[in-house]
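Heads up, the next two complexes both have subunit A, just with different partners, subunit B and then subunit C.
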Partner chain A sequence: MVAIDPSLAADVTKPKADNRQARTGWGLAAPALILMFLILLVPIIAAGVLSFTNYSLGNPSFDWVGLQNYERLFTRSTYEKMYVATFTYVVTVVPISVGLGLGAALLVHSLGRIGDIYKTIYFLPVMATLLAMAIAWEFMLHPTIGMVNRTLEMACGTWFEVIPFFADGCAEGFPLWLGDRDYAIWVVCFIGIWQGFGFNMVLFLAGLTSVHRELYHAAEMDGARSGWERFRLVTWPALGPTTVFVVTISCIRAFQVFDTIEAFWPQGGGPNKSAYVMMFAIFEKGIQQNLIGIGSAITMLFLLFVMFLTLIQRWLVERKVHY
Partner chain B sequence: MSDLQIASVTKHFGETSVLKGVTLDVKDGEFISLVGPSGCGKSTLLRIIAGLETPTSGNIAIGGINVTQLRAADRNLSMVFQSYALYPHLTVAENIAVPLQMRQMSALQRLPVLGSIVPGARTQKDDIAQAVRHAAEMLEIAALLDRKPGQLSGGQRQRVALGRALVRDPAAFLLDEPLSNLDAKLRVQTRAEIAELHRRLKATFIYVTHDQVEAMTMSDRIAVMMGGEILQCAAPDVIYEDPDDIRVAEFIGSPKINILPVERNGTALTVFDQVLNSRLSIDSPKVMQMGLRPEALQLTQSAPRLTGRVVHLENLGSEVFAQIALDSDGSRVTLRAMPEQRQNLGLGAPVGLSFDLNAAMIFDAGGARLRQVELAATRAAEVA
Partner chain C sequence: MKNTVTAMALALSATAVFAEDKVTIEFAYPYSHLFDVTYEAMMPAFNAAHPNIEVVFRATYESYEDATNTVLREAVAGNLPDVTMQGLNRQAPLVDKGIAQSLAPFIAAETGFETNGYHEAMLSLSTFEDEVYGLPFSISLPVGYYNMDILNEGGITELPTTWDEVIAACQTMKANGIENPIFWGWNITGNWFVQALLWSQDKAIVEGGHVTMDSPEALVALEQMQEIFEGCEMQNLDWQAALASFSAGDIGMMFWSTSALGAVERSQGEFELVTGPFPGLEGTPMGLPAGGNAAMLTSTSDDPAVREAAWTWLKFITSGEGAAQVAMTTGYMPPNKAANEIILADFYEQNPNKQTAVDQLPLLRDWLAYPGDNGLAITQVIYDGIERIVTGDATDMQELQEELVEEIADLLPNG
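Then we have the complex of A and B:
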């Protein structure tokens, strides 16, 4: 028997064991990593690559077109309309649905048992699919037989006619709503708010439960008499992280608006493309017209916006609202 | 004037009754400590005085005016919360400044940007900053003024909470265990600061504490609360030397008072069948309890009233506390001895104890003090 120096033996076996452990670790993580790469990253990379081509589904080959797709995005008037419609929608829907959600949450939170009923009712539009709801809205907004215009017509002949809107409406007919390019995007915005604020309310309600009750008592002792002062001193700062999250989620959802527009105007994104939002543009170019290249370019632009929003959110959460 | 009357206040939370008729008159400028075991309703009483909780019945009056229906912000009281309740998004300086800003500056002056151009805002702000600095220096948190509460230790937070309460000049201060998280040195120091502040402001203080030393040293009167009632409210020496109730006697004093069972046999008062005197009236109860403070017991060799063995010894340097298991029933009593007596107090050593009947307090089986019996017993002792 040869006596082996025990310290030497340990030196040799230890790195081996370490190596083996590392290899097992990678082996175990590999399926998840591969899946992540295949399912999450490859489609995005593929879209990124395709956005530099003129590929159409079914074509045997494609040409590289360089930045041509992107150039179009910034020169064609159709896409200008797309930006106007998208940003009008985002800039209208986000603040209003967040504000309404916060207001509703504060009111519901101050109620006792009845609050639950309000919660359910406000949440109903969130649970109903927007597509089904859009059909109901389309019917209600019908220019002649719709409930909205019928109701408005009842105001004709009364003192309501002092208001210019009613005066014009009674003389020349009320708006066509979905058929009128001045109204179309606003109707979509209205439905977006109607559908989204219940969701924001639920998020704010969750945030409100984490506000330390004793802080309201401290504020009261410190002389905060009005509800507004207590809100400024306690509630609003405590809701900071929730608010950032709600705004980000609302923005992303607003950028993604699609189903209302598809339901109302399957062929064209609203009268005179006044409701031609990004998601619909992607759908129209990439799917309906089979222009994968341009569709991918819009997709990349969309991702850029969303990424930008997410980064702002992270920055805000880390710098401003975490104590 | 800021005297405070609490008149038969009760409080129920659903089924549970937390306060069962608390009555307390606090004179203007008085320092009252509220002591009692955990969960006896001290914080609840304080919050009712503050106006944060409405009493189920009873009244609160400040300066002779009934404020039971008045909201907390209008009672002009200042409070330290047991849980500190600091605003997490504000710095220490801003936290301390909040009560001054809320009460001294108009809503217009408090506006973020516009506020500074409103006349008077500048000097107001400087005054407030001055007051904040002063409070911070007193509590040794001047170096922390720019931090957020989340970056402070428990004791530092507590001092910020104290600063926020002390920066104002209210009708009365309500402090809920304001020193519970401080280290020994800081506690002594802050205790002195609060006592000094009390002398200077001549304001009314209601001070909840678990610390008997705080209660004994700072207060004009101590109110001992138990099970939602105030058992006794009196000067610290009265509470210690002359308690009305056995629960008060047991709660105040460290180490705890010794309780021995005593009986009346005919006219004789006996402890473990040993006659202490025989001049009791026949109508005093048969079974009673006797309270003896550790310092009322003396070591003795000749004719001890109690005998036992030392089972535990605590040497504090200036004094020694010995636990002695009595031979008669094995129960333990605590003796305070001088350090030079230590050689007689080895573990397991047999000792004899005597006491002066004058120093004994006698309570009935329910715990109420029997001053008549004591009087009879001591008179008899003198005769004998």
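Then we have the complex of A and C:
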């Protein structure tokens, strides 16, 4: 009689069980994976492929044009304006809306019950549809019958006129805002900040609630008496992960700005293309002009930027902002 | 009990028969602020004349560009409307791509089609390779809108007939304290006003597949625009804002399509509105581009009843009573002699402002589309170029012309 080595028997059955478990695992994950592949990856791959063609909507076929679309993105002055507008918007809106969000969160946090009212007020623009808000802004900024310029005109003839802006405005009319290439992008930035900082405030408020009270007590015992020192030594480091998240989200949202531009300048993207941001360029080329090839190329570039931002965020989260 | 069941069965079959008789066609049109009232006014007569045809209105197109795009997308997705209204200059791409269908078989089956009153000249705007693809629905020409109260206040009594006179009028008005003397509709759809300045010199913007922005006439047009914008210190208003300002009585002179006359009159403030012929470079213009839209058949249905219904609708809105509504509710002219001369004979006498465009009809020229897939992109390039003049970004017209020519060459199929 040959004795069967028990360990050997186990060796035979164990991989089988592992296999089955793995199969079940894959089977259960399959629907999600398939959907992810079909809904998220296939369109990106399709856009990637189309960016090397000159496909125009409604045409029966297309030609491969190699890197021509990308080459145009880096040589034509129109796209230069696109980068300028996009980065102006991002560089302006992100720091200010993050800063205002943080400031508002700290102030609201220090209040008791009454803070809820401020929270609601600051959060209102976030809840409103940006497109509808843009239309309301468009009415307000109308150069002759809009509320903004009408209000500014009321300052004419008073001591306000010592300020050069008012002096010029009263003499020659106040700015056209949306029709003026020097103001257009800043108006869009202002609306972006107005609309976005409430969202950042809520995120920071959530971050603030997770800062341990004991840390403040400890800091105070160690001699951090002023509010600024408490902020610098406790609050700011403790908010690190929140800040990284808020900055990343704000960046991505700033890159995605579109509604206001579309509502203000459905054709052209602002005076002299001064507000011709990437999302609008994608829309103009791909949807308005049916030039799917170049539209896809801008989309790929856009994805690249956003991916880059996400990678920076991951890197920051993993290395230094843990406490 | 049995009786009830029989009655119910009968009732059901009756509705089924009724439903089969009723043909539904789908229809879409641009510029709701101009045309909503027109179709509202037309529908009762159409429903009375053709009770078995139900017209379903799709969401309106924002502009002619949007109209072309939407139809192109719908063609790819396979849900085209049966009849669509397209800008006169955007018919060619739809014919090229095989989306619009020839109306020749329907016209052949119709007896005495010409005598129905269709202007040969206007039909030719929708004729491609000797086949009619669209029936013009509304035709417009550029005109001048004048707020006589502001003009009088600014010391102007006579309407200008050339651009130099317009600029002189601007300066007189400015000197007399009028802040906002003019709006010149450079931003109207399809580079229409650039084409107006070119046609004024009897030059087509497209000749044999070549965009003539490199011609001396184009330079004259660019320089003329610069003179107007600078001489009048024109504000860079978008067109909705400009129309609103003019209607509110804030702008002295507005150069725009006659099409907006209905909309402007409906929202007009307290002032005397007069229209005048479009000024020329030197003397009267030698030609002007026809604006407006044409009804095209894009039905993908195989059902002859649907196609017949679509044709009936198409014919109704472009002829006789249907077309007369166009003139009554908008500033457009109906493309139809019968409507213009018979039904509307008194109408123009009572509405002299709408007569202006009719007087300019002999100048009617084609509103041209740019060739190739990049047609819309070329429109945008020229739009961006003129915008640079308005905002003062471009000062040297020669240089601007060179840049435009280069960019357009980049977008042309053979360039």
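The criterion applied here is as follows: the second predicted complex is superposed on the first by the 295 of 323 C-alpha atoms of A that agree within 3 Å, B and C clash if a C-alpha of one lies under 4 Å from a C-alpha of the other, contacts with A are read in each partner's own complex, and residues count from 1 in each chain.
One rule holds in what follows: contacts are C-beta pairs under 8 Å (C-beta built on N, C-alpha and C of every residue); 3 or more make two chains touch, one makes a residue touch a chain.
What you see is a predicted model, and the numbers here were worked out from it, not measured in a lab.
Look at subunit A after the overlay: subunit B and subunit C fit there side by side. In the superposition on chain A, A:I39 makes contact with neither subunit B nor subunit C.
Look at A:I114: by the touch rule set out above, it reaches neither subunit B nor subunit C. Which of subunit B and subunit C touches more residues of subunit A: that partner is C. Look at A:V162: by the touch rule set out above, it reaches neither subunit B nor subunit C. Residue contacts after overlaying the shared chain place A:M127 against neither subunit B nor subunit C.
Once the two complexes are laid over each other on the shared chain, residue contacts for A:L215 go to subunit B alone; subunit C is not touched.
When the two structures are aligned on the shared chain, A:A17 is found in touch with neither subunit B nor subunit C. Using the contact criterion defined above for the overlaid structures, shared-chain residue A:E229 touches subunit B, although it does not reach subunit C.
By the touch criterion stated above, A:S56 is placed in contact with subunit C alone, subunit B being left untouched. Distance between subunit B and subunit C in the overlay is 45 Å (nearest C-alpha pair, rounded to whole angstrom). Residues common to the contacts of subunit A with subunit B and with subunit C across the two structures: none.
Residue ranges of subunit B in contact with subunit A, taken from their complex: 47, 50-52, 71-74, 77-79, 81, 83, 85-90, 98-99, 102-103, 107, 148-150, 164. By the touch criterion given at the top, residues 54, 56-59, 76, 78, 142-145, 173, 176, 178-181, 265-268, 271-273, 284-285, 287-291 of subunit A touch subunit C in their complex.
Those residues of subunit A that touch subunit B in the complex are listed here as 212, 214-215, 217-225, 229, 233-234, 237-238, 240, 321, 323.
Subunit C contributes residues 62-63, 65-66, 69, 72-73, 75-76, 93, 97, 99, 179-180, 187, 235-238, 241, 244-245, 248, 250, 373-374, 376-377, 380, 383-384, 387-388, 390-391, 393, 407, 410 to its touches with subunit A in the complex.
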